[in-house]
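Take this structure, written in structure tokens, and hold onto it; I'll ask about it next.
As written, the chain order gives the labels A, B and C, with residue 1 at the start of each chain.
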Amino acid sequence: MKTRTSALLLFAMALGLAAIWRLQIRVDEQRAALHQERDDLLLSSPRLLKIMSMEYAPLLADIYWTRVVQYYGQKHSEHDRRLDSLWPLLNIATTLDPHLLPAYRFGAMFLSEAPPDGAGRPDLAVQLIERGIAANPDYWRFYEDLGFIYYFDVKDYAKASQAFAEGSKNPNSAVWMKVMAAKIAAEGESFQTSAFLWRDIYQNSKSADIRATALAHLQLLTAREDCQQLDALVNEYQKRFGARPAAIGQLTHSGLLSRAPVDPLGFSYIIGEDGKAQLNPRSPLLEKQKLFDTFK
Amino acid sequence: MKNIGAVALNTFREAVRDRVLYNLVFFALLMIGAAILVGQISIGIEEVVIVSLGLSAISFIGLLMAVFIGVGLVSKEMDKRTIYALLAKPVRRWEFLVGKFAGLIFTLAVNTAAMAAGLFLALLYVRHTLQRSDAGLLVAVYFILLKLAIVVALALLFSCATTSLLSILYCAGFYVAGSFVQQMRTLRNDMAGPAAATVMRWLSYLLPNFENFSVTGPVAHGVAIPGALILQTTLYAALYCVVLMAAAAIIFSHKNLK
Amino acid sequence: MHREIGYLPEQPNFYDYLTAAEVLDYFAKFFNFTAAERKERVQRMLKKVGLETAGKIQLRKYSKGMLQRVGLAQAILHDPRLLVLDEPMSGLDPVGRREVRDIILELKHAGKTILFSTHILSDAEMLCDRVGVIVGGKLQGVGAPGEIVDITAQKMEILFAVAGGGLIGAPLLANATRTGDRYRLQVAEEELYGALAQLRDAGAKILSVAQVKPTLEEYFMHLVAADRAQATAVEVSGK
């Protein structure tokens, strides 16, 4: 074959690959429509899988856990709210390998978080963690996770305190577990507790997604605290001057505030129509707050 | 054209007279039989298990055949020196390649049909009737065959370029890579930097996307596959095979056969 | 162009899962024969190379000699005008070699051009109209076998027997090689009559007098030695 024919063939190949690229995009669209009905999870019986995988069960567990991570990541980037396959996948992964700690911890996080960041199923998350505790009784961090879920998502402060207390019994546990148990038992929800817990997650979590969520929560907490303090100032203003202030500027003018406060993203707070301090409409935090509030 | 046919027929004959093939088909049928048993263990999902396990078996065995016979298509003729007498005849090198490709595809088609028949029989045994939705099974098997075509073309390409062992490794590598193409696309920028993300994206479109041929999910649950998708998937496979065969032709034509 | 050339590779190997008939049929398909013509040709070829009875046996069971014959058959199957045969006699027993020789001669008389390579110089001498000798990878001599070997002076060989008694003329005897009571003596052409006279005087019985032609082999060895000498010379001068 002459070199010229070879060159022509190479050119044809390049054209072919370009056509393949375009074709693939079309195929992807079609397939997405096809898979709308079900996320592909065929063998949903964990026990069956465990029997079938024999000595490869832990390896299979790792694969399933990887699938969870990919699944979560993909759904996240597609802004898809339905995370129906999350629980079955986690169920299988932890049945195949009961000592797969990350699956319990991150899985519970993915499950309990309100949509769109999670599946919004704190009950399943509790179930998962309790199963983790049963299989790994010495791992005190599970109690921390359990307490976390009860505190933030289920809002059962009694159970949250119990969880922290239980975990603190482990000699290896962190010092603050006991303190946390006491504080929650006494005060229920508080800014400091919440902020502390979220900060702990933000600093220690290995998942970028979870760190992002923790940061958002911290920012909203701060905003809420700020708004509460601003509300106190508003009431003070009313007491002194007889009328509610219409804008933050009035507060600063009157000397009650040294300078206009801003939310963690740098946008200044405003006073809403109901006379209460609010996030600035231009602040992205407002979107996040609306989302969290809708699903709480 | 008749040259291609002659080579193809001979390739088919060679495959058929190789006893390993029968063992593989038998093994696949065995797996399908086992699927019936497995289905009995759980409740209400016998059919789903049979279909998904059965299709997996057909796909797996088909892949083994495609790779192991495919990598020998050209290199075996060169090692055994049977190719010299052949190329002295009035047959062009590319005709030889296409003939080999066609012969193996035909072999795989026959074997896949046999295994699919086994699968249908298994389904019949469990369900005692056939439904319209079972036509989806045919589509699934057809898709598997399309996937095998690309694998054969890959194997043929490597067969022209290197030894059997390396060819097997490369084929396996490409198959694994091609199966994770979707994941490559969702790999986000912050994981490795924008340059790497672009490379990933290019790879994800240029590598053969074997996930295109996976319809086990919908088929197992009786969802029909739209005709347009069947057409497009066929076109994809055909285009990719042409690209691979062109590369094989280029390599083979410049090869010094001594 | 491939239609006019037949090629027999060195140590031919064919598809061992096919029978001889199938292999020939396979190759025949690449030419423009009808199915009937193909069948007829295949049969004819098998007969010609002596494989009629073995036609239906798979090639994996064939001996080397049988494979060689199949190779020859596929080379001449399509009646080409030029044949290129690489070591056509290798692996054959004397009967086989005779048969192949006959086939080659037959083809030669049918007007085909045959180019074959061989290590067996006597075959080349016997069969070829023209010979090319390759030594050290280079073509050293081309010509009719008879021509190119005319490099040494002619010698004559006398075959004689001596009955009983001794034979004087010891120098003569000394040069002769003896097998039983037969002697072979080589003398230069000009010394022939002198030697014959001596033998006659000694009462020896002359059995034959023949010209000694240097063989192609000797010519070849001569070339090889020359080539080596040259190589050594080059080495020496290179230092």
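The rule we apply is simple: a residue touches a chain if its C-beta (ideal position, glycine included) is under 8 Å from a C-beta of that chain, and two chains touch if they have at least 3 such contacts.
What you see is a predicted model; the values in this text were computed from it and never measured.
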Hey, how would you classify the chain contact layout here, line, ring, star, complete or other?
-> line
Using C-alpha atoms only, the most centrally placed chain is B
So how far apart, in whole Å, are chain A and chain B when each is placed at the average of its C-alpha atoms?
-> 41
Length of the line joining the C-alpha centres of chain A and chain C, rounded to whole Å | 89
Find the geometric centre of each of chain B and chain C from their Cα atoms only, then give the gap between the two centres in Å, rounded to an integer.
-> 52
Okay, in this complex, where on chain A does chain B touch?
-> 1, 5-6, 9-10, 12-13, 16-17, 19-21, 23-24, 26-27, 30-31, 34-35, 37-38, 40, 42-43, 45, 48, 51-52, 70, 73-74, 77, 208
Touching residues on chain C, where the partner in the complex is chain B = 1-3, 5-9, 11-15, 17-18, 22, 26-27, 29-31, 71, 74-75
Given the complex with chain A, which residues does chain B contribute to the contact?
-> 38, 41-42, 45, 48-49, 52, 93-94, 183, 186, 188, 190, 205-206, 209, 212, 215-218, 220-221, 223, 225-226, 228-229, 232-233, 235-236, 239-240, 242-243, 246-247, 249-250, 253-254
Contacts from chain B onto chain C in the complex sit at residues 2-3, 6, 10, 13-14, 17-18, 80-82, 84-86, 88-91
